Amino acid sequence: MGWLTRIMMPPQGSTFAGEVDTVYMALFWLSVVLFLGIAVPALYFAWRYRYRAGRVTPHVTHNTTLEIVWSVLPLLLCVGIFFWGLKGWMEYSVAPGEAMEIQITARKWNWAFEYPDGSRDAGTLHVPVNKPVKFIMTSEDVIHDFFVPDMRVKHDIIPGRYTEVWFTPTVLGSHNVTCAEYCGKGHSDMRGTVIVESDADFQNYLATGGTEWEAYKNNMADWGKIQWERKGCNSCHTLDGSKSKGPTWKGIWGSMVKMTDGNSYLVDEAYIKESENLPQAKIVEGFQPIMPTFQGLIKPHEFEGIVALIKSLQ
Amino acid sequence: MSTHTEITHNHAAGDAGEHEHGGTAVNVKTLVALLILTAVTIGASYIDLGNGNVVVALIIATIKASLVVLFFMHLRWDKPVYGIVAMAGFLFLGIFLMFSLMDQDTRNYYLPQNVHRTEVPLTPGTAPASLTEILPDTSTPATAAAPGSAGSPAAASPAPPTPAPATPAPAAEKK
Amino acid sequence: MSTTSVDLPSHGGHGEHGHGLGDPHHQHHFATMEQQFDTAKLGMWLFLATEILLFGGLFVGFGLMQARYPREFVEAHTHLVRWQGSLNTVILLISSFTMVMAVQSAKNNKKQKTSFFLVLTILCAFGFLVVKYFEYSHKFEEGWLPGKFYRATGDSIPGSHGYATFFAFYFMMTGLHGIHILAGIGLLSWILMRTRRGEFSHTYYTPVDLVGLYWHIVDLIWIYLFPLYYLIQ
Amino acid sequence: MEYQVLTMGAKTGSLPRPRKNYLNESHGFMSWAGTLDHKRIGIMYLVGVLTAFLLGGMFALLIRLTLLTPTHTLFGSKTPLITAEQYNRVFTLHGAIMVFLFIIPAIPASLGNFVLPLMLGAKDVAFPRLNLASFYLWVTGAAMAILAMVLGAVDTGWTFYTPYSTTTDGPVTLMTAAVFVLGFSSIFTGLNFIATTHKLRAPGMGWFDMPLFIWGIYSTGLIQVLATPVLGITLVLLMLERGFGIGIFDPRIGGDPVLFQHFFWFYSHPAVYIMILPGMAIISELIPTFSHKTIFGYRAIAYSSVSLALVSFIVWGHHMFVAGQSQLATVVFSALTFLVAIPSGVKVFNWLGTMYQGNISLETPMCYAISFLILFAIGGLTGIFLGTLSTDVHLTDTYFVVAHFHYVMMGGTVTAFLGGLHYWWPKMTGRMPSETWGRTACVLYTVGFNMTFLTQFFLGSKGMPRRYYNYLDQFQPLHAFSTVGSWVIGLSLFMTLAYLLASLRKPMDAPDNPWGGTTLEWQCSSPPIMHNFEEQPVVERDPYDYRPVKGT
């Protein structure tokens, strides 16, 4: 029956797919049998007992035994089906503890994915094959729904709240992601791709930090501004020259800055790099040594962007 | 009230399927009982019983409601079908409440492990203060793997010393 | 919907085919006046069941939001004035009593007494609204308003939306109840008018009885609203 | 007049027809617009819901035409037929019109209004004024919906899910208010029918002597009265949310969008039974009449109607399995959902039991009844896929769901409605519609229906989400096939409309009891006189007693 499953269902892409398809096909055959059990008698009776003038019909008002049988049998059948469905649901609803966690932010009308190391991507989701992946999802505007037909998973994404879904991909290659909760004009275009790849390829992908920045290749200062917000630089550093907990970034590029130890240093790439990794090494005069280290949290292209941003603020 | 009690039970109109039930005496007694119960429920609210206060208040309210329905609305004497209709209203209300509460009380509010890097839903650019309050500890396995996780902006910004709500409030809350 | 409830008792008023048992209020499709009265009463009770569920939806929403913001709700409760709620409870209970007396008088052909009790009931209803007015204006002054209009300061969990949600429910539930009181005043005035015209007797007092039932359900809803809002502090 | 017993399908045609009937009793616009006669109100409702059906059907055809090609173009044109925004408005209108303006009032308010007092042997419904008020509320609601449509239409989907519905542009508040008004129209109809059933049964008619149609309409009334107020309050909250930002459903200010879904489905799931129970009720009339045999398991069918109404209140969470409700709630709702299978199964098997050893004449209404059995079986059985948790995760919010509820609502309710319309058409109009055309249309309808919607089960299983304007090219052949099917349905329905209207041009030729039915509505003339019966009928036999009576 494998061929029929293949005709009726999408390709099997996760560990859930086998179970879901088995239940689906079982229900399919059950439905076929029950449907024939209803349609065939209906049509047969209509022909076999077709109208003949003067035929007297028996006056049978009821048959309690028969009626109990056809009430109880469906009930038992349903209890069985319920528990079978419950089995698959239990797996679906509880993610294994070791699952890698990817955050999904849905908005009209695209997907943003964020990996444990902070790498981000929009629209394309990379996951390692044969490893459980858990998605913690939230929405910025209305309700969306993360639906990967090949993985047989689906869950609503609700604004103001996080929901969870998980799967273990088993098949290399790309699979479709669609939004399954109506969200407006672009609903049907709110699609994405899951790329299931080998562990090595996935690590390689993470090392580059996603592909989101490529859109900003020609305008790295904008990319830097996004990082300024995302990494939280904005909570201490301003871009407009006003005072905050840390020195403003405006106009510092290429200038000499006086430190608490009395020396002055030129603000250049090396200085910014040092401030990112070892913030306590040099403290600008008039400020407290409160900045935490960002070592390992900023990828090369993000750093490039921040430098471009500071350069642009002359 | 005593001014109205001189209105006595009327016996004149006893014809044509007249069902004389209740009467002034019963109505007055019902009113007095209702007023006493009101006093009791107000009094009980001054005693701190914890969650018991709600239970006591609702039990007394139900007794009062029953008095109104039975005596003022004549269900005590009327055909049972009216009572069944009224009870059906309350029954289905109970079903609605029970199942909705069952969902609300057993809901899982997931939180990302790396909450400090999460863009705040709905209000991009502001710190997810309510989430940082809820999170007991940011040194979860994933963040521990990245050195210097203490440098997360949310942790760096001074978190307001407000108590965490008992249930995780939506992350959209602004301070 | 409150206004359309007028239709329920009203169609007892004009038997247009007029070939019944002689009573001008008898409608042609009922065999007896008693059947007609029972039917009208059943219809009214069914309508009351819909009222219970209409308010019930708000009670359920209140319960769920209370489970979501328990501390905020308890704190917000303290902003409501207990004596105002208690006074209104007493007023409504008394009005229920005068209403039932009005029905009893109408049933016993006592036109004067019916009018007297109806007037008392209407006065109680206005008294209720007056107290409500002072209550509402206090809330407006302090900025304890629903949803995005909430402006009050000094909450112990600043910024939580629980308070605004509480007052959203407070205004919706007491407001819907208030609308029912207003509709009740309209209905009471209407049957007062008909009483003065002498339209009711022991054979036909259906509208008085049905408006009475309506008025009692309004009281009954308040019996639940009162402890839920004013006593849980 | 004695309860006239008709034996073995004896079709009476020679009774003298009264000169006056409810149609020619009085004339002029006001004699209709101000009427309190349940028959005239039923006819006005019928015209109203059929107009709504026509309008909703037009939108359905437009949706299918748009989805014919992935580019939404026809005849090599460059511009799409409608844009994505227009498409969203069209499917919203299709859903809202079909649900609130058509299916919910379709059977109870039109056919039910006409037939219920006749079947009970009553002169009218309990509250004729309320009945007329209900109709005018329907008209008001319809006018408001049309106005909202003219003002740009809403794109929320008929479900009005927050926060989309609270943030999107368009006259959402007006549309919501329209549905609110329609809700009260529905409440008043249900209330009226319950009171009528309780109080206006003919002498001798106990609860278990009522025709099963009454049981179905009565159960429907229970749901209308007990569930619709919650819809009312939900819509009020939605309007306040949009108008005043009260924030019960808005996550931005502390609300919970899932709470809206609880409120909405607490009504809208029972509403599914408001739609299907009257359909089942009609089938319970058609099958014994055309099998000329007493109904098999009368009490079981009667009880199953009531129990379906009750069970419908405790399964609403199955619309929310993946919507963010708690896992416990999901499991409980799934388990309860399977309870629906039992009363539904009981009905179907009892209908088959009635046909067994019957004397089945395949006139148009019976053709629709058999069509109903087949379509409803598919609709019911595919419900199992959706009630089962693990498969529902994959299938929910896809075309599988679309196909499932069309099989139940259209394949079930609309098929039964058409059957009932043909069944009572002679009683309502005094004319017999063409049998040839009727049977042809019924076969076309069944074939077209399966072409349109059976296809969609496969689309959904393959992962085609619902409410999609653009779709992957791989789905194109199935979509095209489905669209062709929609033309076949359209053709059959236009054909039906045409020959039914054509029958009105004939002189009155319908006998009082053209099908040999045993229930009371066949005891009065076709069309009935103003007050239904010449004399108060008295019930002395079971409602579906086809045994010959001594002395006849």
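Order as written gives the chain letters A, B, C and D; numbering starts at 1 within each chain.
Rule of thumb we're sticking to: a contact is a pair of C-beta atoms (placed from the backbone, for glycine too) under 8 Å apart; a residue touches a chain by one contact, two chains touch by 3 or more.
It should be emphasised that the depicted structure is a prediction, and the values quoted were computed from it without experimental measurement.
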| item | value |
| --- | --- |
| Between B-C and B-D, the pair joined by more C-beta contacts | B-C |
| Greatest separation from chain A - chain, by CA centre | C |
| Interchain centroid distance [CA atoms averaged], chain A/chain B, Å | 36 |
| Distance from chain C to chain B - Cα centre to Cα centre, in angstrom | 20 |
| Inter-chain centre distance, chain A versus chain C - centres from mean C-alpha coordinates, in Å | 50 |
| Junction residues of chain D - those touching two or more other chains | 198, 226-227, 230, 251-252, 254, 256, 258-259, 262, 324, 327 |
| Chain C residues counted as touching two or more neighbouring chains | 38, 42, 46, 49-51, 53, 56-57, 60, 64, 68-69, 160-162 |
| Residues of chain B whose C-beta touches two or more other chains | 81, 88-89, 92, 96, 100, 104-105, 108, 121-122, 169-170, 172-173 |
| Touch-based graph of the chains, sorted into line, ring, star, complete or other | other |
| Complete list of chain pairs which touch one another | A-B, A-D, B-C, B-D, C-D |
| Interfacial residue positions of chain C with respect to chain B in the complex | 34, 38, 41-42, 45-46, 48-53, 56-57, 59-60, 63-64, 67-72, 82, 86, 89-90, 93-94, 96-101, 104-105, 107-110, 113, 157-162, 202-203, 212-213, 216-217, 219-220, 223-224, 226-228, 231-233 |
| Chain B to chain A touching residues, read off their complex | 108-114, 116-119, 121-122, 124-125, 127, 142, 145-157, 170-172 |
| Chain D to chain C touching residues, read off their complex | 36, 117, 122-130, 133, 137, 184, 187-188, 191-192, 194-195, 198-200, 225-230, 232-234, 236-237, 240-241, 244-248, 250, 253-256, 259, 262-263, 531 |
| Chain D-touching residues of chain B, taken from the complex the two chains share | 81, 88-89, 92, 95-96, 99-100, 102-108, 121-122, 169-170, 172-173 |
| Chain A residues within the chain D interface of the complex | 8-10, 16, 19-20, 23-24, 27, 30-31, 34-35, 38-39, 41-43, 45-46, 49-63, 66-67, 70-71, 74-75, 78-79, 81-82, 84-89, 92-93, 141-143, 145, 147, 149-150, 152-156, 158-161, 163, 176, 178-189 |
